[in-house]
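Below is one structure, written out as structure tokens, with a few remarks after it.
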């Protein structure tokens, strides 16, 4: 632990994060930098309590509703753990398959699941524009239901990944970096490579890299984005990254090779994603119900991917980084590991092996990131509540 | 809130509902009118506690088992919320598909899921006679297991919809009406239209309208039942409705058009259902494994439905009611809305829009109806227990 | 209850079971006889507390992860009940279908589900060697993750059935026998028939009979194993049974007919299983992806089974036992009952009927067996903790 509990509370008390109470967490860019700092402090405080066997449970009963419109194991378990830690019962709304639903259906379902619900977690990342639109509709629906007196209180929303952002992942990533570098302030000036990598599968979401380039420059990190030609991210995300960097006095640059991005990097985060333009096309085909078109596009994309098999993390590449093989290597997992999970993938087995423990630790922060979001959205006075929880000292795991 | 907490307890203390402890809730007609009044009072008391952030949790641990032999989102979530509110953990028994099982299998499964279970909720509404028979078999199995010393206590049952009744829905409906009219006593003499409506789908259960005509006349409401020729409900339910009306000194009549039913109504409840005779035939075909026969019947029924497309709630029809467009319009949802969820449906979009908030509020009572059933079945002295819960004053949602 | 609570604690205090804390429960043969005695005493103590409405909950929050690589209703519910009783939230990892996974995938998944998890229950019984290997890999993965500082504590594992052992079932069986005979010491010298029985299905796991022959001789019971030629169990399990018998001064013998096994038996446990050699062959075919080979093998095995239809428990056979029709008849359920669940099965309907209550009681011990495993693995001082729980006297089910 970088800081002890009371230091965390002091730090927290210094931020202005009053806007988070009763709000949603859909994108990191909806939040002020102070609000994000508060998030990291609360996550650390909750972890601190739990590791001292003090229960941070604030709900005696209550429901957390999850809605996964794409498969998930890691995020599902993280949400389950976070909600359980705070005392909520998870209830999954299984819609069977991803679909782009609108209007009446969304409003009605959102309201029906919200009676007695305290938080709703949604993953909807498969179609460009669809995930954000869906979450906005759910948010508006519960607003309306609350205003109309249908709900006695409004459940708050948490994005468990949309097509544009993956805030619980990037928050976990930042918590990991804070721990590794001994504090948020120490991240300033660190050089990060966010790069594309080859994968034999297709259609991986853009929200992971977008989430990173939208977040890291806000804390003064120098980000280099690398991808082959044609693998652009959403334009407004790249612009935002540039603007954040300018504001923080750090750099954001784009290069065309992994080599350039890895050169002198303190942290490397190589991962595959699909080209934005192709994903837009796919969304249109899906909306039109054009299954043949989707299959044809998939074939084309796999062929396009295959021309970039050299985008794979090797020890040679790692040697170019600031600390060689010791440089921090991150991945949200699961990774496509060459010779392990596929023939050619995002990363060589030896590189993965050397960095496995780090990536596992990175993942361990996700439940705390989610718990902190819920805590800040459901507690009017988080500092006082955390203090009270510590004073109360209820064993999480009772042993005589 | 129509009544404050202590007024609710006083009211409750005046009823004789001792028969509910350790019993099941399978049909409203198994209950005395006092028992039903107690149900509504307890539902209101639990809602009152929760809205004052006082936890009505009575279980420190314990299991609620759900068994859905038909798809469900709303009722599933309502059961989940109700059981969570009282401290039970939901465990779903997923039988994969609806089936008419008998004898050894039912007895054994019922017993195996019942160790340490406090309540079992069952939905089985697809086949005429099957749902009630199944629930009766489960009830008898747990009785026997308790008598034989296999179970240390007997879990109580709650019907989450059978082929004959939908008690949690009609209880929610009545709770909504009590709130709207400011008390159960104010419902006396109110005119209710329970009418069939056109739907492009087929085989909707009869239990919804049956549930209403079996319940509303018991509290002095004048019920008019309307449906096209051939869309009869079960005969014994209609006879029971007539008998309840006679007993209460109110009216129960049957008409052949929506217009007649809507005429002067204080409340309208239009919803599609399948003809009883056809549902009986379908059950026989299903038992015989005659898939071709089922498909042929479905075709025939859809064609029959299509001759009644004019059974749709319009503003013109609403204009005939007691309070015109302001008359209470109810539906258990989801509704088939013309031009929204289908081309032609049960209700026009403008009528649905005007009454959406009311229908959503109607739905909000279901978790409380279920929680009240459990509470009355598991508490020997509900008045004292509610009093103790209020005195205890445990925060449901802790905030320092 | 054979013993009261304080007698159980006194008994427990006399055993050396310190090795169970933070360990896994994968096979009964990994445990000392004292550890098993402690298990039975704790199971009885937990049942005693619950039946006196005292909550034995030791977790304020926490996760139990289940991983069923084979279908299960009974064991799933037992695990759910046991974990709920102690305060854990169940989170199922649904892998969709059984698969033999190795290496990176197992390690990563095991770690990812283990953040904040207190216990992991696994059923993996379909392929010879695969279940034990898989559980060993999961155990090693969480060991490593704990050593590496990825996990703040190590979740403990419980086998919910592997290809070699079914420890929660055989523990429930023994708890039932202890209750029936009024104490573990009274089982010494009792004669048990563990016999194969005919079933019209194929591929039933060997772990049930193996679990019994590996456990019962350790407490001085005379075990007779009977099966048709070719239906051998794993050789090392049979050898272990022989060794345990020798050590305890009781007998373990093998015969070729049900008649010989039933002759003079105090307890009979007839159940079908698949031949070991065939199961090994099936595992190889599965690994090779040879679906045709699997189908052919299935056909062959069903034909082989069909030559042994006379291996069915009848009243005539029961008449040969020590107490005739009153002799204890056990089965983990569901049984193949002749004329009920199949034409010809493991047991005649009249025999099953006479012994149904006993078999249901047998099943009722499984949640307590599992809860006791968790309790011993998660409590440093179970005697003190049980005492504290009784003194605390928290109602499991609150009633004023």
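We just call them A, B and C in the order they show up, numbering each chain from 1.
Everything that follows uses one rule, which is that a contact is a pair of C-beta atoms (placed from the backbone, for glycine too) under 8 Å apart; a residue touches a chain by one contact, two chains touch by 3 or more.
What you see is a predicted model, and the numbers here were worked out from it, not measured in a lab.
Homomeric contact chain A/chain B is classed as different-residue, with under half of its interface positions used by both copies. Bringing chain B onto chain C by least-squares fit of CA atoms involves turning it by 120°, to the nearest 5.
One simple way to say how far apart two chains are is to compare their mean CA positions; for chain A and chain B this gives 41 Å.
Residues of chain A in contact with at least two other chains: 57, 89. Residue ranges on chain C touching chain A, taken from their complex, read 57-63, 65, 89, 91, 93, 103-105, 108-109, 111-113, 115-118, 145, 148-152, 378-381, 384-385, 387-389.
The residues of chain A lying in touch with chain C in their complex are 50-51, 55, 57, 73-74, 77-78, 80-81, 84-87, 89-90, 333-334, 337, 340-341, 357, 360-361, 363-364, 366-367, 394-400.
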